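Labels A, B, C, D and E are assigned to the chains in the order they are written; within every chain, residues are numbered from 1.
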Amino acid sequence: MIFFTTETPAWIVAPVVLPLIAGLFCFLFSHRTFSIALIAALLNFLAVCFLTRQLILFGPMHCHMGGWQPPLGITLRTDGPAVLMLLMTAVTGLGITLYARGYFSHRMVTPVRSDRHRQQQRYFWPLWMLLLAGLNGLFLSNDIFNLYVTLEIVGISAASLAALSGKPASLLASFRYLLVSLLGSLTYLLGVVFLYRSCGVLDLDLVQNLAGDGVEVRAALALLSVGLMLKTALVPLHFWLPPAHANALAPISVILSALVVKGSFYLLFRFWFEVFASIVTSSALNFMGTLGAIAILWGAIQAIRQHRLKLMVAYSTISQLGYLFIAFPLARVAGNAQLWSIVIFMALAHAFAKSAMFMAAGSVYLHLGHDRIKDISGVRSSLPITVFAYGIAGVSLMGLPPSGAFIAKWMLLSSSLASAQWWWALVVMSGSLLAMIYVFRVMSRFFVIPAGLPPDTTEPLSPLMEWPSLVLALISLFLGLLAPWPLLILAEGSTSLAQVFPGGMP
Amino acid sequence: MNPGQFLLTAILLSSFIPGIIIFSLPEEQHRLRTILNLCGSIIKISLVLVMDAAIYYGYIFEIRIPLIPGVDFLLNADPLSALFATLSSVLWLLTTVYAVGYLEGSPNRSHFFGYFSLCVTVTIGIALAGNLVTFLLFYEMLTLTTYPLVIHRGTEKSLRAGRNYLIYAFSGGAVFLFGVVWLQAVVGPVDFSATGFSPSYLDSHGTVLILIFALLIIGVGVKAALVPLHGWLPQAMVAPAPVSALLHAVAVVKAGAFGIVRIVLDVYGAQNLLLLGCLPLLTAVASITILYGSVRALQQDNLKRRLAFSTISQVSYIALGVSLIDQPLAVIGGLVHLVHQGLMKITLFFCAGNLAETLGIHRISEMHGVARRMPLTMTAFTIGALGMIGIPPTVGFISKWYLGLGGLAGGNWWVLAILVVSSFLNALYFLPILSRAWFGKQERPWPEELYIGRFETRLMLLVPPLVTAFTVMAAGLVANAQISPLTWVRFIVREYGL
Amino acid sequence: MITTLLYSLTGMVLFGMGLFTLIVHSHPLRKILAVNVMATGVFLILVATAYIPFGKGAIDPVPHAMVLTGIVVSVSVTALALILACRLQETSNLDLRAKTKQSSNTKESGT
Amino acid sequence: MIYSILTFFDIILVLTLLWLGWRLLDTEDIFKAIVLFISFGLLMSLAWVRMRAPDVALAEAALGAGLTGPLFLAALRRMRRAYKGERRLDSHENREGDHGTDPEQTQAT
Amino acid sequence: MKTGKVIMGQTRNRHKRLDWIQRLFLLLVLCLTTLLGVILCSSPETAPGLADAVAHLQGRSGVESPVTAVLLNFRGYDTLLEVMVLLLAVIGAWSLTKAPLPDQITDISPVQLGVVRLLVPVMCLVAAYLVWQGSHLAGGAFQGGAIIGAAGVLLLVSELPWLRDIPPLPLRIGLVLGPLVFVGTALFCLLWTGNLLGYPEGAGGWLILLIEAACALSIGLTLALLFAGGRPENELVKADKQTDFPCNRESL
C-alpha cells in the first residue's frame, strides 16, 4: 500500500478519473445524475486547485501511467499552462454544471415536449462529464497518441451534445461538426504517423529532442496543425462552428464555445512553441497571424450582421479565436514566456466571458422563446442579472480594462509595436471596435422599453440560470486585476519548457 | 494598508458600495435608495475633504498593485487629483439630489441610480489615477457606466445618441490605448509626475513622441469634445437633465479635459513639450473649438443643444490654458476653469431641466416671460449665463482674466483676441435668452405645465441650481480667500514649479 | 523496404481518395464511407511503418496497438455518425410537416 | 524468388485495394458501395496479415468488415424508410417541397 | 426544406460533372497526396520504433502477446480512454433516438432460427476463446467483443426481441461493466502501487484478463446496441405517450 503525500505526482490523474467515473455513474443511474455531476465538478475543481498548489510548491510534475517510463509509457504532466487551462475548465465547468441544472429544470416545468426534455437532461450529464474528463486528459497528456484519443473523446461527446436539442438544424450542424471533427482527428493521426516514422517515439518531450528539422517532421507538424486548426475553427476552416454552437442547447453552446475549441488550440500552441519550436519558421508564423487577423475581422463582421443572438455570439467566438493566433508572429520578439501569457490570458478571459455570454443568451432565449435581436427589448427589467452579465461579458470580449483580455491585448499591442509590426496592432484595435459594435447592438436593444406591456407568460428563471453567468462574467472582468497569479503559475511552469529529458531507450 | 491607502479605497467604495446595493434594491424602495445615495455622497465629500487637507500638508497617497511587468494599477492623489475629485464629489451630491427630484415616478430608477453611483466612482478613479494605464482603465469604464444613463429613456432617439456616444468614446479609447502602449514601448512605464518622462528620449524619438502626443490628445479629446471629435455631445442631450449635468459638468467632458491636463503636465511635462514644440497644435485646436462651439451655439433653438455647444466651447478654455504651459497665469486660468465651468454649466443644465420638467419648455423660442413664472430658476440661470460670458464678479470672469493675463504675459495677444471674440459670442447667445425670459411677454401657454405647487417647482429641483449659482457668485467674490478653487489651483501650479 | 513504401503509398492514396470524396460528395453515407477509407489509409501507413520482413527481427507492436485503438474509435464514430445521419433524414420530413402545419409560427432556422 | 512472389502478391493486393477503394467511393449506388466496402475491409485484413499484424487483421475482419458493413446497411435501410415516409408525406400534404429527388439513382436490392 | 435537400438531394451532381470548385479541389487533393507521398518516399528509412523497448519489458507485463502488453499494460491508459469512446458512442446514439422497430414482423424460417440458436452460443465461445488467447496470441477484448457484438447483431437481424427483454438497468450495467472494471482496476492499482494501472508484481496477467473479459462483454453489448440504432424502448420509462411528432412515431 502506498501512502500519498502532497508531493506524489499520482494526484495528476484525479481531474481525468473523477469526471470519468462520474460520467459512468451518470449513465448508469437515471436518478440524482445532477448530484453526481455536481460532486464530480466540485471535486474536480478541488483537485485542480490542489494541482495548482502542488505546482507552485514543487514545480512541474510528471506522472508515468502504470509506472512505465517514456518512451513506452504514457506520461501525464502538469506545468503552468496546463494547470491554468485546467483551472479554466474547472471553474467554467462548475458554472456550466449549475447553469445546466437550472436550464433543464426550467425546461422540465413547461408541459410541452417534456418527453424530449427529459431525454435531453438524461443524457446531458454523462456526455458532459465524459467531455470534461476528455478535456482534462487533453490538457494533461504528454503523449501524442494519447492526445489523439482524448481529442476523439472530446470530439464525439461534443458532437453528441451539439445534437442533443434534436432540432433538424442542430442535427445537421452536429453531423457536419462530427465529420469535421473526424477529419481533423484523422489529419492529426496522419501527422502522428509521420512523426512516428521519423522519431519512433510518442512522448512529447522525447519528440522534442529527437525531431530534427527533416522534411518529414515538417510535414507531420503541418498535418497536426491542419487537423487542430479544423477543430479550432480558424478562419478558412470555421464554417462548421456557428451553426453547431448556435443551434445547440444553451449549456451546450457554453461548453462548445468556451471549452472545446480551447482544447485543440492549446495543443496547437504547444506544438508550435514547445515541441516543434525549433523548426517553426517566421513565414509560417506570419501565415498563422494573417489567418488570425482575417478571423478577427471576418468573425466580427459576421457577428455584426447576424439577426439571432446565439449566432452572433457564435461568430464572436470565431473572431475571438483569431486573437489567439495573431499572437503567433510576435513569438520572435515577445519570447516564449510573454507569448504564453498572452495566449493564456486571452483563452481564460474568452472562456469566462463567452460562457457568461452564451449563458445569458440562453436565458434570454428561454425567457422569450426566441433570440431575434430586434425583438429582445425589455429584457432588462425582467432579467436584470442576465443583462448585467451579458454587458460585463461583452466588456470583457471587447478587451476593455481591467479584463483578462485587456492584459492580453496590452501585451499583444506592446510586442507588436516594440517589433514595429504595427499592422497587427491595428487589427487588434479594429477587432475591439467591431466587438463593441456587436456587443452593444444587442445591449442597446435590452435597454429599449417596449411599447406595450411585455407578455408575462414565462416562469421566472431560476437563480441557477442567472448567477453563474454573472459570476463568470465578473471573473473574466477582474482577471486583469488578478493577473499576477496566473503569471506566477506560468512562471512556475516554465521550467518544464526548458526541461530536457534523457532520450533514447531505457 | 496604511491610512492613506485606506482613505483612497474608502473614497472609491463610498459610492461603489451604494451603487451595488442600489442595483439589487427593488424598484419601490425609493426612500432607502435616496438615503443610500445621500449618505454615500456626503461620506464621499467628507473623505475627499480630509484627503485635500492631507494633500495640502504634504501627505502622500499611493496604492500600487502590479499587474504584469510594466503595468501597474496605481492610485495616487496629488493636488490636481484633489481638485477634480472635490469638484466631482460635491457636484455629485447636488446632482443626486436633483436627480431624485427629477426622476420621481419614472421607471427603472434603481438602474439609473446604480449606474449613477458607479459613474461617480469611476470619475473619482480618473481623478486618482496615478499612471496612464489606470487612467485608461477608469476612462473606458466611464464610457460604460455613462452609456446606460445616456440611453436611459430607451427611445429610438436616445439609442441613436447612445450609439454615437459609444462609437466616439470607444474609438477615442482605442486611439488612446494605442498611444499609451506605444508611449510605453518608447519610454517605458510612465507614472504621472510633475516633470514627465525623462528628456533623454527626446533626441532619439522626437517625431514618434509628437505622434504619440497627438494620439493621446485625440484619445482624450473625444471626451473633451475637441472640435472634429465633438459630434456625440450635442446628440447626447436627449438624456435626462441630471445625466446631461453629469456629462457636461461632473464626469465625462471633465474627464477628457482632465486627461489633457494630465498628459500635458504629468506625462510629457512642461519641459519636454516645450522642447518638442508640439503645443501650438493643441493651442490651435483649442482656439478653433472655442470659436466653433460658440458659433454653433448661436444657431441652436433647442436650449440643451445650445448649452451643449456652449460646453464644447467652454471646456476648451482648459485645453487652451494648459497649452500655454510656459505661462503660469494661463495654466492657472485653464485649471481653475475646470472647476468654474463645472459650476456654471451644471447650474445652467439644472435650470434647463427645471424648465423642461415644470413647464415642458425645451426651446428658447418658448421661453418668453418664463422668469415671471419661475423667478428663482431663472435667477440661477442668469448667474450661470453671466458667468459664462465672463461678467465680474462671477467665476467665469476669474478664469478669463487669468487666461488673458497669461496670454499677454507671453506676448500672445491673439489669446486675448480669442477670449474677447468668444465672450462676445457668449453674450450673443446667452443675452437674448435672458432678455426673452425676463423682459419678454408670455405669448402662448406653456407647452406642458407639469407641476403646480407651493414653489415654482419641486423643491429638490430648485435647491441644487440655487446652491450652484450661489457658489458661482461666491467663488468669484472670494477667489483670493484661503479656501477657494483659485487658491488651490495656485497651490497646484506651485507644486509643478511652473 | 519496398513493401513498406508500397503499402504506405497505398495508404496515402486511400487517404487522398477519401478526403476528396468526403468533401465533394454530399450523401451522408458516402461521407461516412469516405472517412472510413481515410482512416484505413492512415492505419495502413502506420502498420506499414512497423513492418519488418520475417526473420529480420521482432515487429514493433506499438503501432499495432495504436491501429487497434484507431479501428475501435473509428467504428464507434462511424456508428454514431450513421445514427445521426438517419436521425437527420427522419427529422427533415417531420420538420417539414411541423412547418407546414404551423407556418405562421416559424422560427428562423440557422444558416 | 520468394521475395519476388511476395512483391507480386503485394502489388496485386495493393492494386485491388485501390480499385475497390475507388469503386466504393465513386459508385453511384450506395448499396453497392457498402458491399464494396465490406469486401474492401476483408481484403484489408489480408493486408494486415501480410503486414504481420494478426491482431489488427482479426479486429479489422470482425469490426471493420463484420460490423461496420451491417451498420451501414442498417442505416441505409433506415434512411430509405424515413425517406419513403417523407415521400408519402409529400404526396399527401405538401407538393411544393423540393424533396422529390430520389435518394439514389438506382434502387438496388 | 434545406436539410432534406442537403441529405438526399445533390447526390448525383458529382456524377454528371465536376464543377470548377470540385476540380480545383481535386487538384488540391492530388497535389497534397503527391506531396505527402513524395515525402514518404524521400525518407524511406523509418525510425527503429519501440520494438526493443517492448521486448525488453515484455517479461514484466504479465502477458506474452506484445500487442496485448502494449494495449493493456504499457499503454493501458490509452485503452481506458478508448473504451470510453465506445461508451460515448452509445450514449450519443441513445441521446439521439430510440431504436427503430422492425418494419413488420416477418415469419422467420425455423431453419434460420435453428442456425441462429446454434451459432450464437458458438460465437460466444469463440469470443471467450479469443479473449483468453489474447494473453499470448492474436486476440483480446476488442476481437472477442466484436464477436459478441456480431452475435448480438445476428440476434437482432433474426428479430429475436432480446433487446426488449433486458430491463434497462441491467442493460446499462452491462454497458458500463467493462469501463467500470477497467477504471476500478486502475484505481485499485493506484492505491496498491501508487501508479494508475501499475499492476502489482505478478498480478498483471490476471488483472489484464479480468479487464479484458469485462470489456469484451461490454464492447459486444455496445456494438450490438449501436447496430440497434438507438436506445431501447423501455429506456426512459416515464416517457409520455405523446411524442413530438405524432406522424412518424414508429421511427422515433
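Quick note on the criterion: a contact is a pair of C-beta atoms (placed from the backbone, for glycine too) under 8 Å apart; a residue touches a chain by one contact, two chains touch by 3 or more.
Values in this document were obtained by computation on a predicted structure and should not be read as measured data.
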**Prompt:** What clusters of chains are still held together by touching when chain B is ignored?
**Reply:** one piece
**Item:** Longest centre-to-centre distance from chain D, chain (CA-based)
**Value:** B
**Label of the chain whose CA centroid is most distant from the centroid of chain A** = B
**Asked** When the centre of a chain is set as the mean of its C-alpha atoms, what distance in Å lies between chain A and chain D?
**Response** 36
**Asked** How many angstrom between the C-alpha centroids of chain D and chain C?
**Response** 12
**Message:** Need the CA-centroid distance for the pair chain B / chain E, whole Å please.
**Reply:** 70
**Message:** Between chain A and chain E, what distance separates the C-alpha centroids? Give it in angstrom.
**Reply:** 28
**Prompt:** What residues in chain E touch two or more of the other chains?
**Reply:** 1-4, 6, 8-9, 11, 36, 40, 46, 48-50, 54, 67, 70, 75, 78, 82, 85, 88-89, 92, 96, 142, 223, 226-227, 229, 244, 247-248, 251
**Request:** Would you give the residues of chain A that are in contact with at least 2 other chains, written as numbers and ranges?
**Result:** 72, 145, 149, 152, 156, 159-160, 163, 166, 168-169, 171-172, 190, 196-197
**Request:** Mind pulling the residue numbers of chain B that touch at least two other chains?
**Result:** none
**Request:** By the touch definition up top, name every chain pair that qualifies.
**Result:** A-B, A-C, A-E, C-D, C-E, D-E
**Item:** Interface residues, chain D side, partner chain C - complex
**Value:** 6-7, 10-11, 14, 17-18, 21-22, 24-26, 30, 33-34, 37, 40, 44, 47-48, 51-53, 55-56, 59-60, 63-64, 67-68, 71-72, 74-76, 78-79, 82-83, 85-86, 89-90, 93-94, 97, 99, 103
**Message:** List the residues on chain A that touch chain B in their complex, please.
**Reply:** 341, 377, 380-381, 384, 388, 391, 395, 398, 400-402, 407, 409-411, 413-414, 417-418, 425, 429, 432-433, 436-437, 440, 444, 447-449, 480-481, 483-484, 487
**Request:** Please give the residue numbers of chain A that touch chain C in the complex, ascending.
**Result:** 72, 145, 148-149, 152, 155-156, 159-160, 163, 166-169, 171-175, 178-179, 182-183, 186, 189-190, 193, 196-197, 202, 242-243, 246-247, 307-308, 311, 370, 372
**Message:** Residue numbers of chain C touching chain D in their complex, please.
**Reply:** 2-3, 6-7, 10, 13-14, 17-18, 20-21, 25, 27, 29-30, 32-34, 36-37, 40, 43-44, 47-48, 50-52, 54, 59, 64, 67-68, 71-72, 75, 78-79, 82-83, 85-86, 89-90, 92-93, 96-97, 100
**Complete:** Seen from chain C, its contact residues with chain A in the complex are 15, 19, 22, 28, 31-32, 35, 38-39, 42, 45-46, 49, 62-63, 66, 69-70, 73, 76-77, 80-81, 84-85, 87-88, 91-92, 94-95, 107-111
